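Order of writing sets the chain letters: A, B, C, D, E and F. Residues in each chain are counted from 1.
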Amino acid sequence: MNMLFAILLAALLAAGSFFILVGSYGLAKLSDFFKRLHGPTKASTLGVGCVLLASVGYHTTLGSDPQPRELLVTAFLFITAPISAHLMAKAALSLKMATRPPEPGRAQTAADERAEDEPA
Amino acid sequence: MTPESIVAVAIVASMHVVGLAMLLALWRLLRGPTVPDRILALDTLFVAAIAELMLFGMHLDTPIYFEAALIIAMLGFVGTVVLSKYILRRDIVE
Amino acid sequence: MKRWIPSWPLSLTIFCFWLLMNSALSWGHAVLALVLAIVVPLFAARLDREFARIGRLRQVPRMLWVLGWDIVRSNIEVARRVLGPESAITPGFIWVPLDIGNIHGVAALTSIITLTPGTLSAVLSDDRRHLLVHVFDLKDPEAVIAQIKQRYEAPLMEIFP
Amino acid sequence: MELALASAIGLLTASGVYLLLRARTFDVILGMTLLSYATNLLIFASGRVVAGKPPVLRDGVAATLAYYTDPLPQALVLTAIVIAFAMTAVSIVLAIRSRADNGSDHVDGGAGELRHEARVDAYHDDRRRKA
Amino acid sequence: MNHLPLLPVVVPLFAAALALFAEHRRFGMVPQRVIAGLSLAVQLGVAICLLRAAADGTVLVYLLGDWPARLGISLMVDRLSAMLVLVSALLAVACLLHAGAGWDRRAPHFHAFFQVQLMGLNGAFLTGDLFNLFVFFEVLLIASYGLMLSGGRGDRMRAGFHYVSVNIAASTLFLMALGLLYGLLGSLNMAEMSARIAQAPTTDLALIQAAAGLLLLVFCTKAALLPMYLWLPQTYAHAPAAVAALFAIMTKVGLYAVLRVGLLLFGASAGALAGFAWDWLLPAGVLTLALASLGVMAAVRLRALAAYLVLVSAATLFIAFSLAREGTIGAGLYYLAHSTFAGASLFLIADLVRRRRGADGDRGDRGLPVPAKTLPGLMFLIAAVSLAGLPPLSGFIGKLLLLMATTGQRWVWAVLLASSFLVLVGMARAGTRLFWRVPDDAVAATPAGNAPPAPARRLETAATVLLLAYGVAMALAAAPILDYTRAAAAQLLAPDAYVEQVRAQSPAMRAP
Amino acid sequence: MPASLDLLLCLPFLFALLISLGRPRSRSTAAWLAGAAPLLGLGLLATMTPEILRGGIVRAEHAWIPQIGLGFDLRLDGLAWTFAGLVLAIGALVVMYAHYYLSARDSAIRLYAYLLLFMGSMLGVVLAGNLILLLVFWELTSISSFLLIGYWHHRQDAREGARMALAITGGGGLALLAGVLLLGHIVGSYQLDDVLAAGPQIRAHALYPLTLVLVLLGVFTKSAQFPFHFWLPHAMAAPTPVSAYLHSATMVKAGVFLLARLHPALAGSELFFYLVSAIGAATLLIGAWQAIFQQDIKGLLAYSTISHLGLITLLFGLSTPMAVVAGLFHILNHAVFKASLFMAAGIIDHETGTRDMRRLGGLRRYLPFTSTLAIIASLAMAGVPLLNGFLSKEMFFAETLDMSDAHATMRSAMSLVAVLAGIFGVAYSLRFVHDTFFGKGPRALEHAPHEPARWMKIPVEILVVLCLIVGIVPAWTIAPVLGAAVRGTLGAAAPDYSLAVWHGLNLPLLMSVVSLIGGVALYFGLRRLLDLHAIVRQSLGRRIFLFNVDALFTLAQRLTRRIANGSLQRSLAWLVLAAIAVGLAPFLAGHAGIEWRAPQPMPPLGWILWLLLAACAITSLRWYRQRLVVLILLGGAGLAVSLTFVFLSAPDLALTQLLVEMVSLPLLLLGMHYLPFRSPPERQPLRRWRDIAIALSAGLGVAVLAYAVMTRPAGGIGEEMLARSLPEAFGRNVVNVILVDFRGFDTFGEITVFGIAALLVHALLRRARMAPEKIMPGPPIPLPVPADLAQIMFPLTLTVSFFLFLRGHNAPGGGFVAGLVLAVPLLMQYVMQGAASVESRFGFDYVRCIGVGLLAAGLGGIAPLVLGYPFLTSGHVVWTLPLIGDLELTSAMVFDTGVYLVVFGGAMLILSMLGTIKPSRTRVARDGVIDLDQRSLRTGEVER
């Protein structure tokens, strides 16, 4: 294995694990749910992305698994992560965990606000 | 240090860092305080698990954990979705 | 042709997908991939509710590049914020008005907003004209809206007319 | 490693048993789920604790227990997982039908619930009298 | 290659799958019933062939997947399993007849469940592999849940939850025991395990005993031995008639497993562990018998009484088997078949009574006497005589055989006879309350809006008569049956030949 | 000759069957049929008489269960011949009598059928040549007498009497069974001949006392001996023909018959002597004394019967040959006069409508003929000379005096008892005669009584004539019969005796005179002293019996309700406790304990995983009442378990566990919707601590066992599987090879379980209408963006599913995993788009899908059968195709396809059924909607 390549892999791994850790750290540390929501959903995508990239590099060079199949993992993660985040945010809003601004173009009344969480 | 050993060390270190990340997520999972927090923590655990799986595959130099990682990436969000949907509507299939 | 291959991009994706998934490239797999590329979309098409169109894919590579770069950039930004003092963060919601109507486009846009660190799409209004976005560190709402519309929505409207 | 796995199995069993002895259908089902984790790990453990030697044969490696873990317990666990899932499905459906038909999610139905409440009341009366 | 041992498992499975296709309102019930009937006919035929093949003492070994028994799963047909397969097929004929009178229409997927239940029973009786036994236990359990619950509502659901929960807990224990045993012995084939137990190092003995103890505990739970019998009266009293009748053999599966595992794994050649379980099975059986007999007396509903009688028979069998001699086991096997048929018939009679009496059902303490009672009364009398162990029916012979085999164990006698007495008193009271009462003041007080009594359906009566006829036939043909059961017992008590035959059977095309 | 013996026994049963199946329209046809059986029987018996009188024995033997020495062996000797004649003759008379006795409302068919059944059973007892066969018929008499006593089952007293008789005689029968088995055990045979020949051997055996007591229990219960005598008066609720038959001549005589039958085997010991004669004497006295105070004629006769049975028992107890002769003689005499008395009582009842002596009296004027007959029979009962009763009573007196000097005290006591009983006997006979036929009365009758039909009296006439001629010329009439009986009983030990009316002036005659005078004096003295009519005697025995039975039933009920109270928690707690005990037992029993071995070192990463698992498990206990929270925690535990599998070399397991988690979570959530929001709090610290203790012990136990097993050296059969997997089963993923090949049969069963579970869910939910506690307000939420993304994913997941299916044999995957990978994304579609929307487009019949899957798996399994290989043998083909290359096909793939379909169909059926439950509108309207502001952030549910 090429030294440079090795260092590159190590760097990718370091970056990946760093972002994963930061995401979790944010999750643990931040005080508000919506702030926490940013940490893992983001950092993890890049973090896991880096690790997967490293894995592709590693297995391709070692020849035990020449296909860059890990890309598929990334692809799926990129499709599903927004779904998760979207629904978690919706759920949190439904539980009134944050006040949300009134939707433009709609008169906002107290009664409406409730109806909004469960749009008519 | 050979390139191999550098990578090997990096892999093992990364595994521990990701493990640490999982512990942080675990803390949030146990602590809450709200249900969405716990859901989020579980989601994070799943994502971290993908990384851990790939790292373990590299550590053992085997592609055998690919399927498991693929499944988590592909379907790990199911838990998050149904739990959130339960909060939203209770009847998750309408 | 439409009857047998409802969606070329999908068939192509599946073809590549199959070849990628299997550990070795071979003619056998190519044939199998071809078969799947024809059969699977036939099945999947039955679930499609809106049959949204796909336009020119010219913008895709640039899009991906911009997206990748933004992800890296804002990941670092968010990491910095997370590691820094929490009091420095000023989160907030904004409604982003949407011009894009194609459902795939809307989906792609919300995904991109969520995937780029610092922003997170929370609610799509019922008329699909507005998207509620949570911003991690909201300094200038207008700037955020402008950036979203210009960097992501515009090219997406070209891909998903 | 064995110590950790054994203690985890023990913990899961204890938690599962405790929940199994609760009075509500859902809690009982939760108990069964935890117990099934414990069971699966226990069967799995009967193939001994071997890290990093999955039983997927590779060329050039002798197919012995020196290089691969015992595959049989794994196959058993797979069967057990599937059956446990089927049983969970049946019990949850039964729980909701039982509640819908009998008006109570107490494991012993409405009568059990009344009995339970009477016992709780008696306990409180007792406490009050002592106080 | 003789595929006979396979058929009792595969035929009902195919029948179940086909029955699913025949389920359509457009087709009506006929195709399903035809499938079920054909399947049962084949099973009956196969069972008879198996019995004849096993009668001379050979052990048919069927290597599934053509792997040697230690590697794969083998089906084993010895005298005992052949007999039990036949008993369950005979019982199933009656239950199917009864259900065919209309219950199968009301219970969705009835025929699929029924066939799978048979598949599970047959599989459990035939398999030679301990984990496979677990699988077939689950097969027959899931089908039994289906049979019990499909088409039901109300209290049956609660009883069902009880039944399912207890069984899941027991299955969990089963798996734990299996895990431990594999870890200790490294095999799941019963014959193989038997050989390995004999050579186990002394330091492993306590562990093996603990694991095997858990295993036997599971079987005892299924067979409803004290203190794990509490689920049974609940369940059986709430199951639909045809199903409760079929369930009469379910406790016998547990007993079968105790017998099989106890005698094969911990038989004479098991060294230090030989016969370790029997010592405490006897007192447990005696206590169960006492409580079950009291339960018979206490039962207000006929179905509950029948359920406690199932318990009585199971406890009696535990006593017989725990003595582990050729005489007692041989007698026990005769009694097993008898009690299965007689117990089942009582469930059918209870249902007949229940439906004829309208709102008061099969309650003994109030309600009108059974209308048009001659036939049901007669059937009840015969069933009662048989179950109480009075002559001249199979029950008497069964009890007689047991008593003869236990001469010298006076307190076993005392318990058996006392239980007979309690059952006699209990059944006499139940019978006179249900069939001999006339409307009195208490009855006049019950609301007049009783549901009109349902008519007797011919098929249901035929099913009951068939079950009772089995009992009569068993009494008449007691000699050959006893010869067989004694030979079966002898075969069980000398497991070495069995083990040898299993280990010697080589695959068709592979190296052994 | 043997054939006619078989026929003799079968006749009653045949005719019973004929009557009950033929259901003759006219009552007289029924009566003729019923009468034909005993008459034909008597004819048959007559053909055998010469042989019997010659001292021979007629036998008929058939094998039944030779292994246990039970043969269908009939044996007619003198004793049997006598009794058979008695049973048949009196039976014939009773049938005739019954024909006139029964009212139009009573079912003649039923009575005759039961009577014949009883007659057959009784004949069986008499003819049995094998003790077990005797027992069979013995119990049959109990059953048929139960039916006969309960004939008028609309009457409470009839039901109670029947039950009492069954309980006592049936219970006694069980004791007798034990006794007989012991006899067989001692002798080594149940053949009567063998047993009778083995008297000394039996009496010398250590088990003799027990055997004797058990047999006597049977005898005494059947023959209504003290203290079991009380059932007999209550059996009088039976129609009078039944009483006349059962309680004079047959059923109660079965006991004393057995005493006679087994006399050579059992009698002759001190124990026998004291036990039997003491009981007999007690019964004799108590029965006679009680009889005096009865108001019901049948009650009086019943107690008199008890007394006479006591007398007979006492005689057999004395055991001397002459006593046996006297006993046998009295059996015959008593049968004759008591049957006639019962019939007379029946006539009185029939004609006056009452049997209460307080209302009767002076019947002599209305029924002169019947009265005469009854008076003669009563005199026979009292032991008046020139009547048959006198003869046997005189012999009895003589025997009490004739005891050896060794039993001097006993001799005095018994003589006294005899005289006393004689006095009482005269007294009650006198009471019957006086209160019924003389004096004032009858009172308050509906119509004046008159003589019954001619034919109804004939049986009484015949019997009374018998009383007379036997009493006057015994030697010409009864002597041969008695002789046969005595020979049959005693064999060579039969004594010489003379049946003469006049033996000269001797002590027994004096005793007779004393008892006659004493009896008259007692009766009239008692009348003077107290108002006999005012005495209402409660039967103490009945009260004790009912008290005991009630106590037994109450005990049974209390105990059963207390133990089996239907509590699931109790069932499960017992199971767990039993498991703990069983697991602990071997270590307490003193086997060499566990050999502890050191564990492998644990990497830090492992501890992280351990922490994840342990924390989730324990925290779930803290939160279990909040269902949503605990499900999330369980999700964490599930992930930890999956990761454990990953690290411990089980990728397939990890995959499966993950997928099952993904399916179980929606499953539980779907179910939760229809359950209350949370578990109510528990505030029973004791209960909780108990459960905690149980849980901890169970956990500790499992952990210890697991540790001990894990640290043992490996050596499972799995190693051979590893070695043979690739060369013989052509798969690299050994776990999958095990699933579809080595142990494919397990998988076969497993998918059946899965499919059936799904079908059960379908059956349970198909038409169920249910409602959640409360529903969310408003219409469903559209989720266009997640729906679109999920829809894009769907074809990809389909492809992955196919991929996993194909690769399973060589890499992690396989049919089960692939099936779930297909199901989960489809479930997502249900979640995002709603069930109706998906099913309208993607209409799958999941039930059929399961069916197809099961068929495919089955067909995949049986395919090798065609080639002569066993079920599930996997074949392997490599096709080399142009362009494509080698195509590997294993027949296990067909099987795996079945797995795939069943799993997919099953999972989808379960989830879609749960997702499409039809809400119960009424419940929804009643329970209302959730106030969203009431929901707690902490638990996500409404807090109450």
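Please note the rule applied: a residue touches a chain if its C-beta (ideal position, glycine included) is under 8 Å from a C-beta of that chain, and two chains touch if they have at least 3 such contacts.
Computed from a predicted structure; not experimentally measured.
Chains making contact with chain A as well as with chain B: F. The chains in contact with chain A and with chain E alike are F. Chain pair with the larger contact count among D-F and C-F is D-F, by C-beta pairs in contact. Distance between chain A and chain F, defined via averaged C-alpha coordinates, is recorded as 69 Å.
Rounded to whole angstrom, the centroid-to-centroid distance between chain A and chain D, based on C-alpha atoms, equals 32 Å. Chain geometry summary: the mean Cα position of chain A and that of chain C are 14 Å apart.
Taking each chain's centre as the average of its CA atoms, chain C and chain D sit 41 Å apart. Residue positions 18, 25, 37, 41, 45, 65, 69, 72, 76, 79-83, 86-87, 90, 94-95, 97, 118-120 of chain A are each in touch with at least two other chains. In chain F, the positions touching at least two other chains are 566-568, 572, 576, 647, 651, 670, 672, 702, 706, 709-710, 714, 716-718, 721, 742-743, 746, 750, 753, 756-757, 760, 764, 776, 781-782, 785-786, 789, 792-793, 796, 800, 811-812, 914, 937, 940. Chain contacts: chain E has residues 131, 135, 138, 142, 145, 149, 161-162, 165, 169, 176, 179-180, 182-183, 188 touching two or more partner chains. Across the assembly, chains come into contact as A-B, A-C, A-F, B-D, B-F, C-F, D-E, D-F, E-F. Residues of chain F that touch chain A in their complex: 776-779, 781-783, 785-786, 789-790, 792-793, 796, 932-933, 935, 937, 940. Of all the residues in chain A, the ones that touch chain C in their complex are 18-19, 22, 25-26, 29-32, 34-35, 37-39, 41-43, 45-46, 49, 65-69, 71-72, 78-79, 81-82, 85-86, 89-90, 93, 98, 100-101, 103-105, 119-120. By the touch rule above, chain C contacts chain F in their complex via residues 10, 13-14, 17-18, 21-22, 26-28, 31, 36, 40-41, 43-44, 46-50, 52, 103-104, 106-107, 110-111, 121, 124, 126, 128.
In the complex of the two chains, the chain C residues touching chain A come out as 17, 20-25, 71-72, 74-75, 78-79, 82-83, 86, 89, 91, 93-95, 97, 110-111, 114-118, 120-123, 125-126, 129-130, 132, 134, 136.
Interface residues of chain B facing chain A in the complex, by the touch rule stated above, are 2-4, 6-7, 9-11, 13-14, 17-18, 20-25, 27-28, 34-37, 39-41, 43-44, 47-48, 50-51, 54-55, 57-58, 61-63, 66, 69-70, 73-74, 76-77, 80-81, 83-85, 87-88.
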